[in-house]
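Below you'll find the structures, each written out as structure tokens.
The two complexes that follow have chain A in common; it is paired with chain B in the first and with chain C in the second.
What follows is the complex of A and B.
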């Protein structure tokens, strides 16, 4: 199976590399976005204020984690999951279902875009700057915690996105629900505690920004207890299983373009 | 002589009106989609939540009430200045739909403008419902702008839409040279996010960055109408000079670039 994914990715990278100009666009937009986010953070921290108990460099770690999620979005989630709706609209989902391979796997991992690479590097740099400015030395336990938290935040984002994309089997026209997701995700650039209490509940359980960026950052800093990490792991794996079940359930309602 | 011109103008406005009404009928079909687009413009409200939650001396200085009004106004301004012309233009160009449009006796420009205007009309009830929800969550932030600031605010929003639309339209011309030109839209979005006053009121900016921002058209298309609506003291003269100045400048550039780019156009198979 890894072999198949490897072949998928090699071919899609080859076709993406035709668009070399995109590297420049991608890098400029990355630099612009990070500069803008840091500028906004700087506005918040003017005159020594504090944002929900987080200092400036700890907030940078959150921005770093957010940028890693951006990288995942650009590389895998966006190129694949935004195509699901198109397959349903054009009726080409029939061909996907007929392939001798798990349809969810094919729909989720068929393509990869190399343009997420700059974001990935930038995210890692931001995290390291944030950590070293705070004089945090990461121990072994923190590394395990942080990797677990980041992996579960990746799985979480994937599952939410896939579940939303699946709904287009019933409502073909809601393809831009992806945009709603992406625009709400922006809230994850800032620590959860910066939001008013009522929003915090929504951002933890309804739209789990807390587990996407805040908990992984806390794991890196070492302020997160192991129950938070465990919770985010359980949360993400259960959502992943739900996404698989939901896809199977939704396929029962799929009647191809002409029937 | 004058009557001929008037007649032509009348004819032209009739064409535009019927284009608009047909686009409006089309847009009404896509109410669900437009609602989702409207929901995706929540950024100013997220920023409002952040700004009010911060223990910042600046916030006290700006007053909480003012912040609430400002960001809710920014939300309204953003709803009615949404521009996506680069994406549809690229699609039409790649699918070869642009060729028949070019053969019509009216430039495709008006087709795109009217579709945007029709979408704004469809948005009005959606935005009203969203505002009712917002005000029922934070009732004490409710305010009614004075009649004059409401009228000037609406005019400013309309002009702001035109400035933003023309800016994107000029960059649409890149589609004639590269088949993924809509990537440029992502670049245009960055100064719009960070320099227009969408994420923070311009008063909180450091002097230098404020000056840089005012060189670009962005503060005029977001901060100015939002401040007008929120009932702040703003210089009408400066704001409208900025908007009209940018409108004239971008309009003349768009005519020139269209003439140059269209010569480069070769339809599919040519």
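What follows is the complex of A and C.
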């Protein structure tokens, strides 16, 4: 199994490196994004010293976690999940289904893109800056909590994305899910409590952005109880299981684009 | 024991019924009407191990749909299916290891990389060791006459080279059942001949069962003794290609070159005159009295040359389907 994923990734990195100019474009867009976010935060904090109970440097931690998730999105989620709709449209899903391998695994891990690396580094730096400026010394427990929370966020995001992409088996052209999802994710750049209560409810229950960034950040700062982390873990694993079942169900309706 | 068994297989699709034009589009957006289309209608056949069978029929006859059901890609609406002892629907890993499906108009090779990289991915999926992979690659490459092409990015290959590389990637795991959907689509004559030779060698060497669809009748005539003729989802004929030809054309075409022009009335006593151009005449003579008619033709007329052929099969099938 690991051997298969290793071969997948080696070939997909080789394929990405065929286009060298991409590196520069990705790095420029990353710098632009982070600068924009920090500038917005900076404007917020000009007036008051905290937004929704978060001070500037604590918010940086959230931006850091957001950037980290963005890195995973660029490296793993986007290259794979955004292709699902295309596979279904073109009928190349046939080749995936004909291989003696779990098709969801293939569709989710077939590719990896090295362009998430800069974001990953930037995310880690932002988190450290946020932590050190706040004079927070994190213990092992917080690290375990935070890593668990970030993993749950990732699984959560993956499952939602995968489920939405699966619906293209029926609808074939799913109105650019990828873009909608990514732009909704942007809401996770700011602390949940910064939003008005109505939006907060939506971001917790309808589109669980709260779990994506705020909970992991709270875990790091130590303001989150373990119930929240447990909740986010349970939530993400359940959605993951649903995504598996849903995919199996949907395949029965696959008609394989005609040739 | 038969490798493939199909009983009362059917597949129906729901398709949108939309009228053309803006009004039709708006109407369709609001009231979505669909209709049931029967793509495959109650088909029965058996295929034995090592057979090479040709699927023929016009576009949209249901050939590809049938192939896709046989390899478990789409779910039949009804009927019984067994391929290599498995129900394809379950997509059992043991089943998938035994089959391959090559589609002339889709490709599995990674576009930006040389075919060898795609081959390595497949080797990993099928659990082949590096040595086994390179042995098999070498063997198939020499059968397919592929060399340097394996090291060039797929996007730089010609259509023929790409198809051969596709075949290599699809056969790396040495499947015993091959489903080939238009494997020679768009290839030039030389490449078509190569692919055909390769398939026939592969069939002989590994005793593989091959089912093939093609619009090039030459593919079918040179590879398959047995054909299945499908039209509008129904199986019209299942048997030897020779018998199909016999059935479709009870006459053979006889071309004669005469030393001097002869009156058409006299010639038409022997058969239907299809072409008449001074010294050249083409006649259709029923198979049953072919020999007697020809011997009397040779006695009566000053004949310089004579050729007996079957009418082109494309014409025959085209006539049948129209």
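We take it that the second predicted complex is superposed on the first by the 256 of 259 C-alpha atoms of A that agree within 3 Å, B and C clash if a C-alpha of one lies under 4 Å from a C-alpha of the other, contacts with A are read in each partner's own complex, and residues count from 1 in each chain.
Convention: a residue touches a chain if its C-beta (ideal position, glycine included) is under 8 Å from a C-beta of that chain, and two chains touch if they have at least 3 such contacts.
From a predicted model like this one, the values you see are computed outputs, not experimental measurements.
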Chain B versus chain C as contact partner of A:135, first or second or both or neither: neither
Partner chain in contact with A:52 - chain B first, chain C second, else both or neither: first
Which superposed partner A:22 touches (first chain B, second chain C, both, neither): first
Partner chain in contact with A:227 - chain B first, chain C second, else both or neither: neither
Partner chain in contact with A:7 - chain B first, chain C second, else both or neither: second
First, second, both or neither for A:183, with chain B first and chain C second: first
Greater chain A contact set [chain C / chain B]: B
Contacting residues of chain A [partner chain C, same complex]: 3-4, 6-8, 11, 14-15, 18, 90-92, 94-95, 97-101, 252, 254-256, 258-259
Interfacial residue positions of chain B with respect to chain A in the complex: 30, 32-33, 36-37, 39-43, 46, 49-50, 52-58, 178, 180, 183-184, 186-187, 190-191, 193-194, 199-200, 204-205, 209
Residues on chain C engaged by chain A in the complex (per definition of touch): 13, 64, 68, 71-75, 91, 93-94, 96-97, 99-101, 103-108, 110, 112-113, 117-118, 120-126, 153, 181-182
Sites on chain A touched by chain B in the complex: 19, 21-22, 25-26, 28-29, 32-33, 35-36, 39-40, 43-44, 46-47, 49-52, 171, 173-177, 179-180, 182-184, 186-187, 190, 194-196, 199
